[in-house]
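Structures follow.
Next, two complexes with subunit A in common: one pairs it with subunit B, the other with subunit C.
Entry: the complex of A and B
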């Protein structure tokens, strides 16, 4: 009885709420880890989604209706996540699933809920290359997107750099993990497309005192340079042994080695010809617009993983639904690339931006959303690119040599994909 | 490629051999597999590092080696300190367990000691990887066939000298003879009026000193981490058992075989899986020739 009363009060509340704006309501489902291994970051990520939905409602709702944000916990477990996603789609009727955090939860939701139910899924936080593979094989039916850059552009940028430096043969030594395997493969694919040859691809296991065998295997075929995908401590061992055994001083280093620990262990004088890559910090009007809104709402700076990407995942889905004009998963997926990365007026995060976007939709004019993570362009597999910086070692210190903004990364990616 | 792989295998094998000699000696004389032996290797490497930190680089390296007199001094200190640690562990743990419990209890005791030593090292020195010298040594090309580092050649040479020396010691000195006799029959040593405590003591001292030496030499060519000894545990046991417990020459050959097998395995399996090779060898040996390749009588020091 108490429950019934409670739900009727809720329904009443919802009705009065919608009565002010519209007469209908669309559920927007999100599956995140509020408990479990990612619990520490899960709640704040959920708040970022809520913020986007609230701002959109303030701007007048989406597709003619008020949007209700429904957040479910996956406990970091695939089966719980799938159940949560199922109930969001089947009971709440959500045309979208936002999430999850862990790739191991995101993937089963995608294959067993989003794709069969033809619902758009956008993740803020899953970076596994296996999701890109699934998309490339057609297993995601074009319904899958993520706002966190994968490691793929890193491989492409590094391959482009090596190609521009005139290198023809390279060896790849990589850490035997999802990250290492994916990045090594992306680099190899890009470098070979650019006309280079990968002489050896050698995986290594972490935490070994010596990688002499791996390094000597990588040295076969006299490669002109090495692409090393590693974490600082093991990376230092590999780099030292590589140089010791007569390897070229032209080292191409993945993002994790941008650490003073690495430079110190290897020796700065040995790294003068080395170049590395890392994600660049994004700044700009669209980013500060989100940061300000977050601070106003929650009273603290938006420091933490997944906040910017979750906000953008939600905002992009809402804009696409507005553009599609109906809460239909397929229609939303089809409109996601229309509202991002294209031509037209720039839309910034916030109530003002969303109001303007709704006007432009009504006038049937193009616009492009530039979000909390900066400009967003989803590629064919639903992945985004990010800006990168190229670092080197000068006078014993880590120095930024060059920066690659998103258009430059996009151009490099396009050159590989053509 | 083949020459490089062979050279690598022999050089890694020589370090495994050094550690395995100490292990095989203590295993046969003390009659239990000391799992803490690997930690003696780590301990030796870190003591040398600490001594080196105190003495500093008051002398440059002896070209073409990457180290100079300070490290040699540090090694001697490390060997002494490790021997003291081994005797201390024996006095505090093993002796008590030996006196009043079964053999397996001592084995489990050695696991406990192993953890204790490793964690103490982690506590004192931290978990970050370090080096004796951050200066990078470049390998020398030998006849266009393969590359070696001078330090590796030094290690190989030292191993050969130690094996010959140990052979002579066991064959011709009174203490060496007593150690061999004790391994065969402890009571008999007592009957002949030889102090068996002395035999045990010297077995610990020699085994620990060799472990410390192996640790320093290993640390010279790889990163020094609190797990370096632990990672050598399986290769050491594979080498010692392959050579036949108590067989010094067997341990050396076993070490070389394990080193070579690890190196050559890259022709068959990706390098990432080479850690499994000593394990497979150990299984094979235990299955086919449990007494070792040379079929030694059980527990004999040769």
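Entry: the complex of A and C
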């Protein structure tokens, strides 16, 4: 029995040995929720990663090898995700981990697998601010990136707007969820750095018939304006009560309230002084290039969360590996900012773009990848900024007052950080 | 080859941590017949207790006492034990499925508290940057993993030996007596309520210990770690391993958790590229199928309960 076991192990070893000699293959590991609470979006996100890998292979592979996309399911559970990530890194030898979706799965993978094993981790979809916090503390060792903008730039842009309008004291009223808490905190930090004072920070719980208590508390200290982080229905209740209790008509509104139902519920005439923010729809050649490739492959438009960001996460990792010339996690992380960020020839998504990028790597010339989410610049914590638009209400209708492109957002962020 | 070994070390750490939970549940269900459907609650209390006691100090949090790991671990266990005592006093009068419903509700409540008590647990963000015991002593993370495997293995062995001793004693027979026929046990002058409470608290303390060991290994904790499905996984380990037999805890944890990871690997290896994103669903079905087959062919688990026969009977 022992002999049999030994010989079969040897045979297995010989098999893998010969397989390696024939054609070299680099595994690219991805951990996503294909089943569980995020299953509805997970499958398509997995396909987006596959598309990027297939296109890169068509362009001739990365770091001299074919890339094999290995997709593992985390079932929405951290323990399953961590186990899958560990086996991707140790058994498949993947130099990167793409994923996961839920921050509660991404974080344990990062702390217990990616950072100890010095593997690059890029997420398409995890938005928790604690990831930024961990990176700022040095807990990610520079190996962590995400292609989805966090709420932080949104808070910074709004604080900058309020500062430019000459406001000195503001109240913040926010929805008690991780979105609301995060954005309120980001705004407060930025506004105070700019010399303003936040007089009150009041959280409210969703779906209450009235927010009189919260609004009255927010009015303490006579703030000149209010920053409201809310969803349309509750946001309208808060805004109406704020005005009726004598609050200032200068309202600063978060992205979710850019909806006609909000304007109707509050009353357009009350909202003439209000300004809001939202993510700007990105368009351009690089985006349509991805959209076209997706439609050709899957026969439908790439509608759904995480598709563009997952494609870019995969493409950036592949380009960085090509630039590094070897499947090494540390080397990939070090090259990610080299292949994005704005210097050299522009590379677009698709086989053509990747072929060109490979040429430029061979010639040792700089290039910058402009992806399915537009231009990408990772900051020191591995986060990206996105473009924003500023909206207001004119003649009873929602209108765009201003747009903030990425350089402008970056400049505002830099002004806060200095 | 080293890759597989490195993975195996990682896998065994997780398996041994689960086997401690299963031993705790085995004490409750396998020996005393207490249907605890809130396993994850006590695992969570142990995990958060340990995390709060050993975590770094943060201005936004109440906790962050920065205590050494062994003390934090004991603190986490104590917290789980205390939680179990309170729950036990209130809920243990309930029988069978009623107890299951009550404990299940408690598990959900504990998870919700973890999600909302932001000052203590970090809320949905979780607690980050938790130190791992002696991590800096090792040149490579693999050295740490090997050390931690040794540590967890010692803890599991300790728990096993202690349980074997306790269960072999008259107290162990008392547990079985309460499980089989409470009225008969009471007629012999025993106090079944007390026995049930003892088994419940002791089992939950072990779950808390496992939670603390998990946190020490992962270095992060969030409410997502304590979904109700984990209770199901632990139960599957107990049933597959064989309830009423402490060795079964190891076998069950190894078999079920192995099934979870091997099926994932197999699906990603064997499925053609274009079906990769369907792999998750196939894996879940495979797990279900294999558990059902195990139960069909080995209804009492891989290792069944050993019969208790008096030495003097023949």
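Just a few scattered comments:
Convention: the second predicted complex is superposed on the first by the 395 of 418 C-alpha atoms of A that agree within 3 Å, B and C clash if a C-alpha of one lies under 4 Å from a C-alpha of the other, contacts with A are read in each partner's own complex, and residues count from 1 in each chain.
Note that a residue touches a chain if its C-beta (ideal position, glycine included) is under 8 Å from a C-beta of that chain, and two chains touch if they have at least 3 such contacts.
Owing to the predicted nature of the structure, the values given are computational and were not obtained by experimental measurement.
Room for both subunit B and subunit C is found when the two structures are superposed via subunit A, with no clash between them. Put simply, the three-chain overlay gives an angle of 70° at subunit A, taking C-alpha centres for subunit B and subunit C and rounding to the nearest 10. Contacts of A:216 after superposition on the shared chain: subunit B is touched, whereas subunit C is not. In the superposed model, A:205 lies in contact with subunit B only, and not with subunit C. Of the two partner chains placed by superposition, A:282 touches none, neither subunit B nor subunit C.
Within the superposed three-chain model, A:194 lies out of touch with both subunit B and subunit C [touch as defined at top].
When the two structures are aligned on the shared chain, A:86 is found in touch with subunit C, with no touch to subunit B. Contacts of A:50 after superposition on the shared chain: subunit C is touched, whereas subunit B is not. By the touch criterion defined above, A:246 lies against subunit B but remains apart from subunit C after alignment on the C-alpha atoms of chain A.
Residue contacts after overlaying the shared chain place A:415 against neither subunit B nor subunit C.
Subunit B and subunit C never share a C-alpha pair closer than 11 Å once the two structures are laid over each other.
Of all the residues in subunit A, the ones that touch subunit B in their complex are 176, 202-205, 207-210, 212-214, 216-217, 220, 233, 236-237, 240, 243-246, 261, 264-267, 270. Contact residues on subunit A toward subunit C in their complex (touch as defined above): 13, 33-35, 39, 42-44, 46-47, 50, 69-73, 75-80, 82-84, 86-87, 90-91, 93, 102-105, 107-108, 111-112, 116-117, 128-130, 133-134, 137, 139, 177-178, 181. Interface residues of subunit B, counted against subunit A in their complex, comprise 1, 4-5, 8, 12, 128-129, 131, 134-139, 141, 147, 149, 218, 221-225, 227-228, 231, 262-263, 266, 270-272, 274-275. If you check the complex, the residues on subunit C that touch subunit A are 1, 3-4, 6-7, 10-11, 14, 118, 122-126, 128-129, 141, 144-145, 217-220, 222-225, 227, 229-230, 257, 260-261, 264-265, 267-268, 273, 276-281, 283-284.
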